[in-house]
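Sending over a structure as structure tokens; questions will come in a sec.
Should a chain be cited, it is by its letter among A, B and C, assigned in written order, with residues numbered from 1 in that chain.
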């Protein structure tokens, strides 16, 4: 007689001999085995100076332990009028899920291009930074799985770096490392760019120690810092390597440098 | 112009097979100041005469850059032209986005042609009151296209539309064979000369009232293009000066012909 | 006994168990691909001096069953490019139909404009990314081989997530682990690839196919191979792996029951 009790827990107890459960619900939710994200590894880094900004990224693209490509840039010029982006004044770096990064880059680029077309002047970094935030937040519930960094020169000609989380919260910073080796590079930057934990020798004991004065670094010194940061990251992180791409923004324009990194 | 029973909308033919609203739209093109376009083996140029509505106002915008590889000049209702150019901008951006390719000119011009045509076949719509010259380069080289409110588009070697453009067209027809092998500078000068022909008696070409747009190819493939560039104000001085000198000789020749 | 009309003519639950009415449902939730069913394995490709060599075997597997042994996984596009498909075969066939209609659309009307391999790859990656963003992926890994806008060899990959990358040599699936190291030996970078001859490239790709057949259980010894140069596409769809050597097989110890 147990078969008189339906399998359906909602209808336990004496029941009709046929199943009266609603014909549409087949019981339980279908499990989605498709996961729309992946991590393509790599790291990016941006440092702003008095009259320049440097944004850099390695050029390795990975899937798990495999290397997809040794040259797959994640630092892009944004909003130029030509396909070569020669006259661009903004730089975007994206690290995380490369397909989302590419989509985000193209969307921002189209928006900045339309801005120039409609207003007859290039977009400021500040405006672009705000806009990028709203783009990311617009996909709050299906985010672009990327850490973005936007760089350029502000209205006063000073270097500007804006960093983001995947859903659009952002702030302007002196420097920022993102991606796979962010946790390796960022402390190095804190120490070498913002002089954290550097004190003037013999200036006191304990908390009385005087901090080293914070001065903006010159461009060539920052370039060397970037190289060192990546050489170190390559040594200790398997997803970082192959090549280092650096975009250096000054009032003269954007200079691109490529340096080989270890390919192991 | 007299009214008749067949010009209330753009969907009704007259017994003579004419659509008056479309013809009136073409009249709007003839009200606009003249624009000239010429194409050679390597370049396509647009030259436009700008008007200022009154002494105190600025000069109107006659040439619009659409994308790296193309631009347009307009004669007629500027606001209608802006709608079309916005659409063309969208189309060219989306071509670059989905294919990573500069949109072929013929396809872009066809798309605005189709848009204009629908306006002539739907009740309650109004034809665009503007004519366009679209100049640009694509994989098949430099091109110049003419667009009319009727939705008609055609590829041209040289073309002039707008007020008094007949004079400019006459100049272009006379010099037709020369254009093919012209370099960039020569082509602009030809354009300005054509423009000058259509000028009213008391008018001169000045840096204020001239706009020039140039686009061309440098070599094989789309990577080696000279992107569409718009010249205004002092940037057109070099060419305007050349034409100002050149025409004195031409004028003499003309007068001699008349004498003999 | 049950007298309700709903139960008339139905098998009794107490005798036959609960009636499975799931087959009656046709208005259920829309279903999306959650996993590939009939699959193709690796595609391998290598750039050389004048173009690209690409290869894939002719097997479509149903799980571990070698289900279809004559499935061509290299598809031509517009006589300019070849797309090599790994992953779900029905999605491959859908994409093939999509590309055919795109080809027709592009060739229709305006002449002189074609989509090159780079354009095609951009387009395919947008299709794949759109579908993954709709949670309805096309379950493929694909390689696009051909020439770019400057007629230089072009090779790039795209997958079901919309991820794209390009490299002198590429391989999908098992090939990424087994073939890619061999291909990178002959072409570690773009410069090395640009010095490879067709013969060298063919040899490296055929060697890769052989290694894959030895070690990939979902592979087959019948394969397709295509060479894309500016002169066109040379596609062979019924190649047989040559010079196989299974001499090593009886040297293998330690698997299954054969312990020493």
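Things to note:
One rule holds in what follows: a contact is a pair of C-beta atoms (placed from the backbone, for glycine too) under 8 Å apart; a residue touches a chain by one contact, two chains touch by 3 or more.
Worth saying up front: this structure is predicted, and the values here are computed from it rather than measured.
If you sketch which chains touch which, every chain touches every other chain without exception.
Counted by C-beta pairs in contact, the busier of A-B and B-C is B-C. Averaging C-alpha coordinates per chain places the centre of subunit A 31 Å away from that of subunit C. As a whole-number value, the distance joining the C-alpha centres of subunit A and subunit B reads 45 Å. Measuring from the averaged C-alpha position of subunit B to that of subunit C gives a distance of 49 Å. Under the contact definition stated at the top, the residues of subunit B that touch 2 or more other chains are 97, 223. Contact residues on subunit C toward subunit A in their complex (touch as defined above): 2, 4, 6-7, 10, 12-15, 17-19, 21-22, 24-25, 27-29, 31-35, 125, 129, 132-133, 135, 137, 157, 161-167, 176-177, 180, 189-190. Listing the residues of subunit A that touch subunit C in their complex gives 1, 3-4, 6-7, 16-20, 23-24, 26, 30-34, 36-38, 40, 61, 63, 66, 68-72, 97-99, 102-103, 142.
The residues of subunit B lying in touch with subunit A in their complex are 65, 68, 89, 93, 96-97, 102, 223, 227. Residues 81-84, 106, 110, 113-114, 117 of subunit A are the ones that touch subunit B when the two sit in their complex.
Against subunit C, the residues of subunit B that register as touching in their complex are 97-101, 104, 106-107, 110, 138-140, 220-223.
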